[in-house]
Every structure is written in C-alpha cells, then in structure tokens.
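A single structure is presented below for examination.
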Amino acid sequence: MAKYIISRLLQSLFVLFGLSLLIFFIARVMPGDPARVALGSLATHEQVQNFREEMHLDKPFPVQYYFWLRSLLRGDLGKSLYTRRPVTTDLKAYIPATLELILISFIMSLVIGQVTGVLAGYFRNSWFDGLSRLISYIGVATPAFAVAIFFLLFFTYTLNLAPAVGRLSLAAVPPPRITGFFILDSVIAGKFGTALEGLKHIFLPAASLAVANIAQEGRITRTSIAENLQKDYVIAHTVYGIPRWSILFKYLLRPSLIPTVSVMGLAFAYQLSNAFLVELVFMWPGFSRYAVTVMLNKDLNAIVAVVLVIGVAFFLVNVIVDIVVSFLDPRIRLQRTGG
Amino acid sequence: MSEEILTVENLKKYFVTKQGTVRAVDKVSFSVKQGETCGLVGESGSGKTTIAHTLVGIYEPTEGRALFKGQNISKVFNQRPKALKKEIRIVFQDPGSSLNPRRSIKQILELPLKVHRICNDSDRVERVMELLRMVELPPEDYMYKSPQVIGGGEKQMVAIARALAPNPSFLVLDEPTSALDVSVQAKIINLLMQLQQNLNLTYLFITHDLSLMRNITNRVVIMYLGKISEVAPTVEFFQNPFHPYTKMLLSSIPTVSDEEENFKPKEVISRGEIASPVNVPSGCSFHLRCPQKMEICSRADPTVVEVEADHLVRCHLFSDGRKPT
Amino acid sequence: MTPLLEIKNLQVRFKIYEGELKVLNGVDMVIGEGEKVGLVGETGCGKTTTVKSVLRVLPTPPARISGGEILYRGKDILKMKPAQIRSLRKGEMSAIFQDPLAALNPVFTVGHQLYDVIKYSSASRGRKRLSKKEIRARSIAVLKETGMPDSERILSNYPIQLSGGMRQRVCISEALSASARLLMADEPTTNLDVTIQAQILRQLSELVAKKKSSILLISHSLGVVRNLTERVYIMYAGNMVEVARTKDLFADPLHPYTKALLKSVPKLTGEGISRGIRGRIPNYLNPPAGCRFHPRCDHMMPICEKERPAFFTGGDSDNHKVACFLCRR
Amino acid sequence: MVKKRRYLGLILVVLIIGLCSLVGVAVENVAVINGMPVILPDPGVAMDWYDTQVAYNLYSPLIYPTPEGTLRPHIALDWQPVDGKLDYWRFTLRSGVKFHDGGELTAEDVVFSMDRLMAMGKGYSGTLGKVTASAVSKYVVDLTLEKPNAVFPETLTLFWPLNKDLVLEHIQPGDYGEFGDYGEAWLAEHDAGSGPYTMVSHSPGDRLEAVRFEDYFLGWESWGPDEVPVERLIFIMEYQTATLMLLLRSGQLDLEANGGFSRGTFKEIVKAEGIHLNKVWPEDWTVWINTTVPPTDDVHFRKAIQYAYDYQSVQAEYAPFGAREAGIIASSLPGYIAIPPQPRRQNLEKAREELALSKYDPEEVTVVYHYCAGLEAEEEVGLQLQADLAKLGIKLEIAGPPWPQYSAECGAPDTTPNLTIFLFPATYPSPDFYLYYMYHPDNVGGIYAAHWYADEEIGELIDRSRSTVDFEARVDIYRSLQEKIASQVLAFYPYEIPMLFTSQDYLIGPKETFPTVGPSVNMHNWRINLKLKQELRG
Amino acid sequence: MKKELLVAALSRSRASFSKGWYKFSRNPLSVLGLIILFSVILTAIFAPYISPYPEHAGAFTNFRESGLPPSLTHFFGTDSVGRDIFSRVIFGYRFSLVLAVVVLSLAMPSGIILGLIAGYYRRRWIEIVIMRITDIFLAVPPLVLALAITVMLSPNLFNQMMAISLMWWPWYCRLVYSLTTSLRHEYFVREAELTGASKAHILLREILPNCVAPVLTKMTLDAGFVITVGASLSFIGLGVQPPRPGLGTMVADGAKRLPAEWWMAVFPALAIVIVILSFNLVGDGLRDMFAVEEV
C-alpha cells in the first residue's frame, strides 16, 4: 500500500508540475496585461512598468516560471496581484469555508443518496423507485447555479426559511478561528447561538451543492444493488439460509458500496466545481469564490495556486477513495500489494 | 513417415509479473511432421497455449527457437514475413472473442484475402462463399450475419474458415472445441479431419481432453507446468503410459463405458493441486503429487529420455532409459 | 423408495424482446430419499432453470413459472410462503453452483461467509446457539471434510486467493454445512481440470454417502454423471427425454438423442467420433411442435411433429422410460 | 456498525441544534456597508475608487471636499500659494488632531506621509504630481511642486497623513532603504490614521471591520433619544443585486454604496418600505471612441455614431432618477457647457451624411462595443446603439468582459475596442479632474482616456488652466477646452445621472446629506434610529 | 444471387435496429427524452420561424415593454430591455446546441484517436506521453480549467467552445484508452495482427467499432454536461455575448431581479434543465440499448 501511495504521489507531482506549466503557458500566450489589471485605471505608465518588474512580469516565460518554481520550493506561492498579499495567506483564509461547505454537503449527499439508493435498488420498480429515479434525473440535469436559484426562490423568498447570504449574519461576530470551520469553532468556543446561525446559513448552499451528488449517488447505489441482487452469490447466500436482511445490509451493501465510493473522487470534483457557482450565488466567502475572483482578475499567481490546490485536493480525495475502495474490495487490495 | 514440418527446440517463455516470474514454458522440445495431427495436452497452467501463441508470433520466446520448414520463426508477428503469416494460422479457443462482433462474417473472411492478396476484388465474394461452404455453412444465410447472432459451434466454423482463407499449410488449433457441447464438438472435429485430408494440412492440436486426443491425433505431447512429461505416438501412449502424471491424468477421465473404464490405469489416483507457475516446486515439478515419489525427485529435475522408439518421458523412474520393473 | 422431490410438468417461460421463451416445457422428475440422480443435457437445455425453480431463486421477471408443481415431501414449493421456504433452505435443500467464484461473495473472507452459513443454518433447528469458537471449529471441520488442505489458513482468505478446486470445496462445505437432505450440484466441476474434477467428484460422493443426502448432479458430461449416480435423466430443450438407471442407460440408450449424444463423446478406447447431431438446439421462442427433437432426429415419424411424446417404458427395466414414439408399444 | 455510527452523528447534530437554540446572538449597533472591494486601505498605496472606499473613515485627508465641488478645511485649516506661482504652497495644520494610538498629528507626520507617497510612487502619487514636503514648524508644512497646479488643494483631498511613529514601528525589509517596505505589509491589515473609525480586521477584497474612535478630532455629536452611534462599520463586497435587495429588505445591510443597481431595481427601491435612494453627485456616462483603430479613426465615422445614437431612449428611462443630458464634465461643476451640436437628438440624416464623408463602407466594417460584465445600464446603451447603428447598416458587436479585463483592455491602443463605456464621477471636485485625466496628452489611454487621442493644443490649454491663478479665467479656459474636445468627437455621452446609493431609513446623517465624499463614504456622526429600526425590521 | 444477399443483409440490419429500439423504448423516460430532444433540436433549427419575436434575439430594445410578466403575448414574460424571453430561450437553445456539437466534434475525434493509439501502444513512449498529458487535464474538474482558460482568452462563445473542447478530449482519450487496452487482447484483434492487417485497419476497423457503444452513450450524456459547463461559464459572465441570448447569461441577468421578476431567471433556468434532462434520458436509453442482455 505504501508503495502504491508513493507511486501515486510521484505521478501526481508530475501532473501538478504539468498543470502549473499549462496555466503559465496559457497565461503568457494570451493577450491581456495582469499588471494593468492589478493596478487599476488611475495608475500611470510608470507605475505599471514598476509593478511589472516587481512581479517579474516583464521577463520571458521560462524565467518567470523559474522564479515561480524557485519560490515554490520555499513554500511560497507568490503574491496575489489582486489582494496583494501572499497567496498562501489568502488560501488559508478561504479554504476552510469551502471545506466546511463541501463537507456538510458531502454528508448530506452521502446519507440521503445512500438511503434512497439502497431502498430504490431493493424495491426495484416500485413507486418509490420510480419517484426517486425521476427526481434523480432532474437533480442530475439541473446545473448547480440553477439549483441555487430555485432554492433561493423557494426557501428564502417564498418560505423565508433560510438565510441566503454568507456564513453568518453580516453583523455577527465570527467565532475565534481554531479550525476555520465556523460551526465547529463556535461549538468549541461555546457560542451555540453562532453555531446555530452557521448551520442555518450553511443549509441552503450545502443543499444546493448536494443535489447533483444525491442524485448521482442514489442512482449508482440503486444500480449496483439491483445488479448485485442478481449475482450468484446472493442466490447462494439465499439458498444457504442466510436471512434477507443480513444479505441486504451486509453481503449486498459492501460490494454495492464499491462503485459508489469509486465515483466519490469524481463527485468531489463536481462538488468543487459546482461550489464555484454556489458560492457566488450565496456570497459564501470561500475558496471557490476567491478562485472565481482571481480568475476574473487575471491574477496569475493566484490562478496557478488555485488550480494546484484543486489538483492536490483532487489527488488526496482520490487516494483516500482508493484506500477506502481497497479496504472494501480485497480484490484490489490483493492486487496492489502483489499478494 | 514424412519429414518434420515444425521443430521446437528448447523453447522457453517466461513472463515477468508483479507476483514473480511465470515460467509458462520451460525448455520444451518437440516436432510435428508433415500431414500429421500432433496433440499438445495439458491442464490449465501447463503452458500449452503459450506454446501455441509463441508459434504464431504473439510472443517472442525467451530462449530457444522454433523452426518451420527449416526457417526460424521465433519472432513476433510484426517481424514475420507475410508469407509465413499465410502459412501458419491459428484457431483460438474462445469463439466468442475470436470474431469481431462489430463486423459481418463476410468482412471477417475477407480480411485475410485482402491482406494476402489471395484473389482480386471480383472473386473475393466467391471465395468467401466457397470458404463458408467448405465449413458447411450456407453462405446465403451466414455471409451478412454478425457473429453475435450465431451459435458457438458456428462461430468456430467461421474461425476455421478464416484460418483456411489464405491456404495455409499448418494450423494451430488451440482448444477449438473446449467451450462447446460434445455434439457440436463432434461435428467440428469431423470437419477438421476432413479438411486435413482434402487440403493436406498439418495440425498442432492443443487440448486438455485426452479422450479427444485418442481419437484424432497421431502423436501426443503431454505437458505439466511448462515442461514436457511424455511424448509418444497416440496408440502407444494410451496403451502404455509411462509417466505417473499421465497415468493420473488418464485415470481421472470420466468415462461412458465399461470398456473405457477397464482401459484406464488403476494405480494412480488423483490428489493434490497443480502448483502455481510462479512457484514451481523444486526438482520434478510433479513430485508433490506423485504417488511414486522418490528421494531424488524433490532435488533434481529429470531430463527427457527416449524409453522406447518415439516414446519420450521425463521422469526419474525412467532415468536410465528403461522401464522400472 | 419414497420420493423426496417430485417435479411435475414444470413449465417456465422467459420474457424477452422477441416474445416469450418457452424454456421448460413440462419437466417431470423424481428424486428419492437418499438417491443419487443425474441430469444430463447440453448447453441451454434448461438444467439450471430447473434447479433455480426448485430453489425458488429464479428471477421473476423475466422468468415466469407458468405451470406445474414442485413437491418436496409432498408439499408444493411453488405455493409455499417465504418463511416456509426459508426453513426449507436451512438444512433441507442446498445447492452447489457451476462457477464457484461467482457463488462466493468476493469481498468477504471464506471464514466470514462460512461462519454465517453455519450460524444461521444451525440456529433453525431449535438447538442452542453455537458459540463463536464452536462455529469456527465446525468451519474448519467442514472444510476438512471436503479434502481442503490447510483449512484453518483458508478461513482468512478471500475467494480470489484460492484456486478453482479450492473454491469449489468451499462451496461444497457451505452447501453441506447444514447437512442438507437434498443437494443439487449444478455442473460442479465444469471449470476444473480433470485431475481436480476427479478429486472433487470423489469427495462429493463420499460426503453425500456419509450424510445420506440425496443428490441431483447436473452436468453436460455423460461421463461425470455415469460415475456418480444411480439414475439419470436426459434432458433436451426443456423436456426430459429419457430416464433410467445409470447402468441401463449407458448400456442401452433408447432415445435417438441420447444415442447420438453418447456417440459424440470421444472415447479413450479410440473408436473414432461420430458426426454429432445435425442442426442445433431449437429456438425457444418458436420451439418445434410435438417432440422438440424431431427436426434433428434421424428417425422422425409424422406423429413426432404433432404430438409431444409421453414417457414410454422401454428397455429391460420398468424404470427405463423414454419420451419417444419409437418406444411406444 | 455503520448504522450505529450514523445514529451517533444524528444524535450529535440534534444535540447541537438543541443547545444552539437556547442561546441567542447579541445585536450591536453596526452599520453594514456594501461597497467596492477594499484591497489596500493604506492611503500611500490605495489607488482607484475601490481601494479608497474606506479611507475617510480610517484616515483624515488634509483638505475636505464638499459635494458642491468646493473645499473646506480639515486637518489643514488654511492653504495658500506662497509666491502666487502655484508651485509652492503653505499649509497650516490644526492642532490637537489625534491618531488612533493617541499621538498627535503634526507637520512631521505630513512630511513623512508625503515623502512616503512620493518614494513609493504608488497610489495617488500620480494625481498629486511630484511634491517635496518640508516642515516649517510643528503645525506648518510647505509643499513644493514641479509644475504650477491651481487645483493642487483639490487633489489633496486624496492625501491622508499617516502616523509616522506607528508606521516606522512596523516596517519590514523592503526596497526603500532605511524605511524598509515603508510599512506597506503591515498597513494592509492595520491602520495608522486619525479618522473617526479604527480598523479591526481586514480580509482583502471581502470584508473590512472598523470600530468607532472616541477621540476623533472633530468630536462626536450628542445623540437624539432613540439614536445610537454606529459603533462598528462593516464593509462588505457583493455584486448580486437580488442578494443585496434581500439584505436591504431584511435590514442586514444598512447602506449600499456601490451604486451598481439597474433601473428595474431602482424602481423597486422607490416602492419598497424603509429604504430609500440617495442621489449623490452627478456622474457622466461616457462612451469612449478609440481614434486609433478602424473605422473609428475616421472623424466622420465617429460623428456618424454620435448622430446615430438615440439619446432620448435610455435617458428617458432614467429620468425619474435624475438622469439628464450629459456633457464632458459633470453638470454640477463650474464651467459646465452643453456640448455642441445642440439639441442632442438622434439625427439619422446627419449620420448618413457623415458616413458618406467617411472613408469606410458601413457594410464592410464592424464596430466593437465593450462594457463591464454585469452592468445592465452599460449594456442598455450598447443595445440601443446596436439597434441605432443597424439602421445605418453598421454592425455593432457587443461584449461584456469582466471588469479587470475590461479595464485592462484599455491599456494599449490596439486592444482597446472601438467603443468602451464608463461612468465617471469626479475623484476630486474640479473640472480639472475630467479635463486633465481624460484629455491631457500625458494621460492618453487607460479607462480615463480610452480614445487614445493626444492633442498638444489641448494639453497646453490644460496646463495653462492649471497655472492660472484667477478662478474665473480658469473657468473660461475650461469652457473653451470643452468645445475643442467636442469637435474631435472622442466620445459620446449618453446621459448624466446622480450616483444612486440606497440606505435604510433608520440610518441618519448629521445634516441629512449623504455620507459620501470623494471616492469614499464617511460615517462620522452617522447614527441609527433604533426605534425606527425596530419598527421597520422587527 | 447477390441481390438476395443484399436483401438478407438489409433485413438483418432492420431487425437489429428494431431490437435496439425495443430495448431503448422499454424505459418510457428515454422515449420522453428523445421526444424532448428532437423538439428542442427542431426548435433550435427553426428558431426564426417558431419564435414569436425573432428580432428580439438580436439588437433590439423596447424599454416600454420591459419587465412584463408572463402572458399570452409573452409566454415567459419580457426582460429588462423589453425582449421576449420565450423567443430568446428558443434562440438560446441554438447556442447551447452549437456549443455541444462543436465541443464534442472537436474533442471526440481527437480524444478517440489519441486513446486508440495510447491504448494500442501500451508501455511505449507514445502511450506515456499521451496519457501523462491526459492526466494533467484530468487533474482538475473541467469547469475550473475551462474557466481559467476562458478568462485568459477573451470571453465569447468561440473562446468558450475552444476552452471547453480543450478540457474535454482527455475524457474520451481515457475512455477509449481503457477500452482499447482491454480490446487489444481480444482474440479477434490478435487474429488481425497475425493475419498481417495494417495498424490502421486494426485500430479503425477492429477496435474502434467496439468502442462505438460506450463512446456514443458518453457522448449523449456529455452533450448535456457540456451545456451545463457552458451555461455555468455564461452564468459567471464568460459566454455568449449580448445581444445574443445565452441561457446561462439570461439566468445570471434574471437572477438580479429575483424575486419580483422571477420569470427572467426561472424560465431560462428551466430551459437549461430540460435540454440537459433530455440528453441524459436519451443517454440512459442508449446505455440500455447497448447493454448486453443476459439470458
């Protein structure tokens, strides 16, 4: 397993290197002047020129890339042209908000998706199955921003049930930063009111983010449950007198979880990219909104950092998924250890 | 008898995998004579299919060589001359996978004709129909069918027709009937025998079914874990098997008549399992299962000796070239 | 001999795009208490469907049991409630399947699966619950019974770590751990090498003899069935065509299909091989009327096209029955 | 086991929610203000509208602008050109101005801040020009310029002195020798000012919080019975109209000072209860015509565009909110003239005539119009022009790149589209702002002069205005400048409209004027009527 | 004789078609999807004839009729400059479909060919080069990279298409790659190699046809996905430029008017849902159709 992770790590290092090169390359080839963007409209030509020199923007592409790589080895991702502070500071400030959001929506989608999937798979062709399939079709087909807007319109504007903006009310004092997760931090600090606020605020964005995944996961679970129900070993277990519930929740669930877990890496990717839109709609001060802002601002260093962070996150999630899958599936585990 | 058309000399094929080196074929030598049917018999993991695949050029031998009509053919397919590809053809074991489900039977049969420029465009359809008739499939019914919609036996017939398309002289038949029912197998075997006579073909027939061998081959080569156990003319072999393994094999065969039952050797009863080709036991690879195991068997690998004319065996019991008493 | 299982005129159909496949076309079969019965037929003749019907594990839809009765000790399985069927499965009926790899759950260890099988089948008897230790000991014991080497280590292995022969031994242990009264073995050795096949069959027959179970051995191989059974059914295209004591059948096959089949088998004695049976098995969508074998039969008579032959007694024994008009006296 | 864990989680969640509901959240006297993204509140670096959004709250400018376009004393009580040549100015400072750390603001701080601004060359240093500062006494500062500049005091509304001692305490290694980085890094997240509020936290581009500074040198007025001072300011940044409206309606947002709403929303605000529109100073919509790229390099073609546009159509839509005909400078400023030809109406006849005179065939050219993504008012003008030009057979391509890109495009003549639309309020209260920044040949290009037309004569006139001491004479020059510029058709001006900010009725200012000043808001002495707030928002 | 053969061939293909249709139509939702999809495509093609106010899709303003709620004259109401939203949605479909078609027709062939080559030449340098580059593109969700690239190019439909296409080929490359690596061990590929058929024949005639079913299914599902990504980019403001109606842009514009003038956002959003839904339903139907049936 360790060997496998190391080889994955090397592979991902190469991929991240290529990714940064790709972004750098495109950013250099494309028209547009990041210095001008960064300094705004009143800047004099001299100021722009100075700024270019300061950020090495006047150097040829390989030199720029060299400087960037060199500072990366020191753990420095450069300075954001937009916020004018180290990109790492920005990332530290914004990542927890998105993580919290994705985590909550992940839990939502896992619980709801699994339960509906298992039930629909087991009661195949029942009304429940039909209904959940129809809803999941619609869920998959609705882009995240549309879900967010429908939810806003329904939950906030019509029913006035959930707040629509930010992590807390605008005037509220955020809890002391420990983990960066507001809800958790509030609970740790004993500010239960703030925690409740946080929960209320996170509900809509997390739900909007979860919809597509609930639909997807429900569908996959349903299919694999339905498929595995036909397998010889289910017949064999049945014939050997193992009770139905044990077959369903033990012998069927575990192999059926494998495809669901396997796609979680991809699901995470979708959630992350959907967060780009959901955070915009709900004014969620997170990493994704930051990413969109820096992208729109042609903030080269920050764009590269953002893409790399996503790449790393994606890689980590995939490794975790692989480990979980190999835990669930001895076939893969045995293959990997070469035993 | 006529001259040897194919000679395999000390052929070795190892595969390197994560689990270790697989010694699929380990120093195998045998030869096939013009016009005969040579049977290559062994259980799973014995390396018989690897030999077949090496002969047609899917693998390159790790060591040793194979000569076809005196020409060294120990090369992979893309280094082989076209003429050789035309001469040696193979029929694969799995009829389901050997025909492309997305191509019609006509297209499948046309490919070798086109590649080897057997006939011009106008004659090609004729030739395809002739081939189909040769394997007793009415061309009108089958030409435009997809392999998906025909039965396993028919698929194998098409595969045989395809193999015969460029008029080869040597056919490697890799378990052509193992996936089929006996009644279909009978049909195909009959067809093959007939074609062999009509077209003067030489067969290397690979199978795990000894009873089948008994009925169609001139000579048999028995393999165990990548090595040869015994080589003998068929009649001689069945009447007088030498190697304990071949005896075990024969005694394990389910039979349908008392005559057959009486025919089987009685002294060797099957036990143990075939070792993994990654972990071949030291000495004689069969010694763990052998009822006549001797002390030497676990230490030294026996060599092949000719005990009687044309009857070779690789067993310490026969190390002095004579039958044990 | 009291009949343990009696199948009467079983009819099973499958719905597919083109219509309904009439797969089982009135299957009749009797298995006596402690009897060893063979069922031989070529691919696609309905052997597995028959077994699955008896076990009540046929996927419905697409399958549909459209007629007949399956009597187990006189009670119709087809009319039983789920609870009754469950109790049947615990210790009364069991089965071994063709592909042991598919029949074992790939993500649980052998020990885990065996553990549950033993736990639940032993629980039904009203006996006191076995402890973990006892179950483990029994697991090892049943594995040993099947001739499994190193059975303790095997318990912690996953099915893919085992060879084909070992997997089948595990399946046999599972099937027999409940001391089944009727064991249905559906092509238990098809994917195995001959030497292993011989071992498994030997082991199986010993176990069955020891437990005094009845066995239904299903195979496409006449040889396999001949060596292990007392009575043989020959099945063709969803019908039983011939049944006889094993000895009688192999000595004196009566049905043209049985005859042809027997001739197709290559023999060790080297008598050459017949030309097989012409044609192919019928399409179940529109099976031939009358005797389903008649289009391939060399002895076809006008009546064969019209009427399905009933069992006629043939040969020397009363037990030798043939569904062929040639044997009508 | 899996099931058990799930239940555990569920119980935990229920428990937390239960606990949470027992405790409420305390409400403070907070004003939440939506503005532009504040990134660099450091006045030595701050540049452009959005950076200086909060400046007046954290810092005090040397001189204070009024909405009427005049100046009033602030830190400087008095200023005079010393020798009448407008390149040497003397400033007398107020005494007793306190920084947030308690220290007093003196001439030394002003000199330091000016030196800092000049040395760093960032921020508004370009607007001020080259300035040399020297302290005459504790409260007197002399500022020397390179060139005479009559509007120098006006530009000093963009100069905020910093606390020298505090800055020097926090310098980090940097490019400025003994001054290190001049405290730039530290000042991004702290302030060194003397303004009415003190910064407590800042997340660039997202949120800035400041609390009331009790010792502010102008003092704090006494409050009415239900009125409380704004103890805390929270600047946020949000563009979503619907979200902002929701926040306004729910009383979470107190002041919307971005002004990015569209007509439809204005109508909604007018109808809505508890919030109202505030008309601040006028702004000009300006559509720059790039004179360096075909076909708009032809003056006749430019004229044709000018004639083709239907001025009445969009303007009429905004008339209820104070829209009127626009000129080259804001109509409120001294010297404003209506641009000839008058009246400004669509005249397709004339447009066709001009088109005939131009060297381009309307069928063969495409005109590109860019506006800032998301700004409906800008898109409307484009759509209107598109429809108008279509009548002349000219194809207009419209695109709305996001702001950074949009403004960056104007950095070079060849990347600047034919037409670009901007809304310009005066950053400092003088026609000079419009004329100098938009038409002086030194400043050609960029969003303030995306016409790329450099005319030495215009430049000389502007320079002359800057060195003219007499105010009336200067205004005359402004008038002639406007005529000259109009003749070249460097832009057309769809309409003028006051900047429209939305605020809660319960947010009340000292003289019922809106707290905007320069490119900023100043919340000094603003307060919240709690009773009204309770009534309106519950 | 030949004619008979031809007739036989034809009737076979007709039979397999009707069998395919049966499997497809077994799920009524797939048929529904197909019907919707066809109507959407037809509507998009004949947009100028179907939409009540085709001129509203171009340079048009009518401020007097702005912000009208849905009515019989304007089914979906009008937008903030007085354009008929129904007409604009119909034209919006054009851009969405063009986007899907262009992206897929650029990304698919290149991805397929690279995947075939990489899969066939496994363990050679060419496979390593292709698959490592593919990995780089797959390391980040397509929306993110497409966003970064569209921003750096200037935002318009063309650049959006280019950026999305650039993100999309690796998915096909990887799909075909994995299919090819397994297919190249199939005996029919071996047989063609041993017969001496050319590489082009093996890749294009033997392997490629066997990739058609999964690729086609993925293509249909992807069409919906491409439209989602395109709409998302447009929603951020990087897509179809005005006055041309992009569905995502329309939702973004309409979102400003929530909740009062809800129709401006809701109808374009529903339009997006419907077209993606229909692609997904058809894709699932195709998957059922190509699925191997077990008897």
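Each chain carries a letter (A, B, C, D and E) given by its place in the written order, and its residues are counted from 1.
Here, a contact is a pair of C-beta atoms (placed from the backbone, for glycine too) under 8 Å apart; a residue touches a chain by one contact, two chains touch by 3 or more.
Computed from a predicted structure; not experimentally measured.
Trainee: Can you name the chains that touch chain A as well as chain B?
Mentor: Common neighbours, chain A/chain B: C, E.
Trainee: Go through A-C and A-D and name the pair with more C-beta contacts between its chains.
Mentor: Higher contact count goes to A-D.
Trainee: Name the chain whose C-alpha centroid is farthest from the C-alpha centroid of chain C.
Mentor: So the farthest one, by centre of C-alpha atoms, is D.
Trainee: Quick one: report the Å distance separating chain C from chain E, using the average Cα coordinate of each chain.
Mentor: 50
Trainee: For chain B versus chain D, what separation do you get between their C-alpha means, in angstrom?
Mentor: For chain B versus chain D, the centre distance works out to 88 Å.
Trainee: In angstrom, rounded to a whole number, how far apart do the mean CA points of chain B and chain E lie?
Mentor: Centre-to-centre distance between chain B and chain E: 50 Å.
Trainee: Among all residues of chain D, which ones touch two or more of the remaining chains?
Mentor: Residues 240, 242, 402, 405 of chain D touch two or more partner chains.
Trainee: Could you list which residues of chain B touch at least two other chains?
Mentor: Residue numbers touching two or more other chains: none in chain B.
Trainee: Which chain A residues reach two or more other chains?
Mentor: Within chain A, residues 31-32, 152, 157, 280-281, 296, 298, 339 contact more than one other chain.
Trainee: What residues on chain D touch chain E, complex-wise?
Mentor: Result: residues 240-242, 262-265, 268, 313-314, 316-317, 373-374, 376, 379-380, 382-384, 386-387, 390, 396-402, 405 of chain D touch chain E.
Trainee: Please output the residues of chain E touching chain A within their complex, sorted ascending.
Mentor: 29, 132-133, 135-136, 139-145, 147-149, 151-154, 224, 228, 231-232, 235-237, 248, 251-252, 255, 258-259, 262, 265-266, 269, 272-274, 276-277, 280-281
Trainee: For chain E, which residues count as touching chain C in their complex?
Mentor: 19, 22-23, 293, 295
Trainee: Would you tell me which residues of chain C are touching chain E in their complex?
Mentor: 14, 16-18, 21
Trainee: For chain B, which residues are in contact with chain E within the complex?
Mentor: Residue positions touching the partner: 56-58, 77-78, 82, 85-86, 89-90, 92-94, 97-104, 108, 111-112, 115-116, 125, 140-141, 143-146, 162, 166.
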